[in-house]
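Quick one: structure below, then a few questions.
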């Protein structure tokens, strides 16, 4: 997923940065993690820098446990292989996912429902699956990760019409209809989603109903404004938490991990670069090469 | 194949594409974004090949170019997007507006596509997989079949073998016999090479067979899978090639920017594809100094 | 597994076998005659483990020893013979005369066993295969099922996934985390390591993780498959280990000669297994000069 | 299969040597061959030395196209990997066999019927499959090769009770019941057996009936003695051929390829060796190392 470069009012960090730092807490040391490109990857890199130095990141291209010396711009970037413990095939990585070797996966999406079902295939709008208003990338490895990984963390910007009662297309199964054992009945092996980290707060899933509820809110955000951006009557935790401000070293590490600010800053930052040489220079500098 | 042809499969990219890729062919490409052979894609566009059915996992750069250039009729695959950069503009125009042509889409997951190529490579009709269950992928794709396990376990999804007419796969090293050696991640290439009817093996370096024999464990694709060998240095640019050159994120960002309009894409295509008679001209247009910088960057991290 | 255990899985062979291999376990062994870990087999015999169900492809040396020593109840596999040398004497005695115990045999072909481990490693219930059709293997093995192809092709055979309790696999190099790097042929080891409930990884050389990272493409078995790492130089003797030592055809020939009688085998067993407290004593009894000669021979052909 | 060290009367070569040299003619240049250990391998090595220098030999252990510098004593011997074009997995080699990439396979066996069905599983005798008179090794890769390879050459010593009307156990399918399309109906992809090279002559299969007939006879062998060792009324070709004496260079190459005579000579030759050092010395000498 892409980041946004607008700082939170009265703060020295952006919502995207807070998302990355908040979600990095979801990784445990020694786990094997299947993370997507963009903010999820930055979160994984941060986890390795701080509380989970032995976290192994896996890429569907076939890279297992690389040293994160460079930020990747796609899962097939050669940087994904830097000093990897194992360089293998895509089909082996998916087989290992199906075999239950991977603990956590982080996914983004365009549409999400209250049971954590994700849509990354198409926004139908006036159209349908064949002729949608917006054709999205499709599953990629998302459906596979959501089906088989130990637990799933979802990262999405909290915007109107993205958190909906019913998604146009279930690309990646969450808790399906929320009924007990729904995933097992379908033949799914993984545990499904446990958290949704957004640009305004963190949601978790109720153990009985498997319905999403607001668990943590970001500084300067009102519960009402979150409820307005959600397409159903949102439950809020009685002990609603306030996300702590990131530590300075966390922000520094985060910004260093994306030295050209191309992940968090997007196209805007790209234009700020003088050219390829500056990109090469900053990449080598961050890697200490 | 004649004996001499078995011993030396070397061709130019123009010959290899002209001989093995026809309008209406089903086709797959090696690599996984990195190691995608973009040079072959440019040649397919130059030769005006049409109505391709592309069967693949995540192949954004390849597909966005081919679809924008009007070469593709059908997509059976899993992912067409630019990750951190954004959506694929030519894909969106084709699916949402039928521009330049409508694109027939059959959605799969990456694991499903991987298993389809594994089945094709093994020459078995199907593979079982535990993905797509409970999702709408199955609702719109009737070729995914839920099957009861005859050995008494929970239900599984079956996916049919993929058997494309052609595969184009880029390796770091190859000999003229067609042994392809790959470093870094290998994607589904070992199985694509076996599943396809014909294989065009492109490579960064052409090496003598004795060098292949010294590191037999690196031979991902044995000679008997391969029909044509083509030497194409920097064949993946702007994507990366492990051990040879890094990804040019700026060039790709500019491409994404430019292709937001149909006109912008056509200008890009004229400049970088139709405007270049072959891959060497494309490299010159990109700039050898730029390619050298990316080679220098990659070798700071991965050397073969 | 605790964090420290995840970081360092190093054990002695005695500890690893004692912890992970129990009487009644189903088990498989890595390698394909070459790279068979005979040292682990000797330790299993020393520990008096019984009633093993061995699921494997071609595993003559391992099985002839285990069966002769009375450790095995059942064999699901494809080949038990000494190729150019002759039949396996202990196997013959067990099957033909029930000596020392009857051996339950389920016959498969090597391709079928390979597909069973591929299925087990992928955690799918079965694989399709085009072997065994029309043969008597299917007549006596009801777990091979002929299935109509739901995609309209000719019938195929289905084989069930193999999921042994334990796999013992010998690699040329490993780190304490459990990353196993293998050179030469790889047999079915990548899939056996994934299919088994627990994996004991034995190795010729223990190397730092940094060395593993320098050649990630050689890591056949990733750390997360592995439960125990054991350093066992010359662990495959008298079989070969690519890049380390050659096969001792004379020692094997003498073994075959000696085991023509039950008494001869028991003498051999006392001398080389029960008479040695561990693998180092076995090596000493074989003779370090002999092992060095085989290392010298192998390195004239294959160096890593 | 094992060899025998008795020379044919009045000749300077043994029946085993003639078998190896006769069967080596079955390989064509540039083919990919799946050969078993023992005399079949020696035949493959000879073919590479003479008329088929570009023959690639494949081993089920996962070795493709090695330089044959050493003779192998088992398919998993490290010598099988010497300078191979590709070192891979067993399952890939069997997949490639099933995919149709391999042209010819050479198999041995204990029992054979007139349609080329092979038994390498068990000789029942008074007993049955569970408790046979002789338990044989089993299929190994034999069934797979016989099922899927382009064409099969069988090598067997011609002895009483080995060429039978009906085998106790069909381990590897030949032409099954000999009826038209029997293999296709069973779902088999390969062409099945084309020749049977024995210690007394060569048999081939009749194009219409798929029944084995005597095609070539070895010097000093009588047709009657062959008919006596065959368990059915054997057809003999009208133009029965006489196998030519091997050329001196062929015999020399054959003996050099097995420098310790362990394949052709068996246990007897092993005892003649002074010890491991002599084995190492002769192996290196033959390989020119």
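First chain written, first letter: the chains are A, B, C and D, and each begins at residue 1.
Keep in mind that, in the parts below, a residue touches a chain if its C-beta (ideal position, glycine included) is under 8 Å from a C-beta of that chain, and two chains touch if they have at least 3 such contacts.
Note that this is a predicted model, so its numbers are computed, not measured.
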item: Lowest number of touching-chain links that must be crossed from chain A to chain D; value: 2
item: Pair of chains joined by more contacts [C-beta pairs], A-B or A-C; value: A-B
item: Per Cα centroids, the chain farthest from chain D; value: A
item: Rounded Å distance between chain B and chain D, as computed from the means of their C-alpha atoms; value: 42
item: Between chain B and chain C, centroid-to-centroid distance (C-alpha), Å; value: 38
item: Length of the line joining the C-alpha centres of chain A and chain B, rounded to whole Å; value: 27
item: For chain B, residues contacting two or more additional chains; value: 123-124, 129-130, 156, 183-184, 190, 217
item: Per-residue overlap in chain A, given as positions that touch at least 2 other chains; value: 63, 81, 83, 87-88, 98, 189
item: Chain-level touch network, classified as line, ring, star, complete or other; value: other
item: Pairwise chain contacts, counting only pairs that touch as defined; value: A-B, A-C, B-C, B-D, C-D
item: Chain D residues within the chain B interface of the complex; value: 29-30, 32, 54, 56, 63-65, 67, 81, 83-88, 92, 95-96, 98-101, 189
item: Chain C-touching residues of chain B, taken from the complex the two chains share; value: 119, 123-130, 143, 145, 147, 149-151, 153, 156, 158, 160-161, 183-184, 217-218
item: Residue ranges of chain B in contact with chain D within the complex; value: 3, 6-7, 121-124, 177, 179, 190, 194, 209, 212-214, 216-217, 219, 222-225
item: Footprint of chain A on chain B - complex, ascending; value: 31-36, 57-58, 60, 77-88, 91-92, 95-96, 105, 107-112, 114-115, 117-118, 129-137, 140, 146, 154-157, 183-191, 239-243, 246-250, 252-253, 256-257, 290, 293-294, 296-298, 300-302
item: In the complex with chain B, residue positions of chain A that touch it; value: 1-2, 36-38, 59-63, 69-70, 73-83, 87-91, 94, 97-98, 121, 127, 129-144, 147-148, 169-173, 176, 182-184, 186-189, 262-263, 266-267, 270, 273, 275-277, 279-280, 283-284, 287, 289
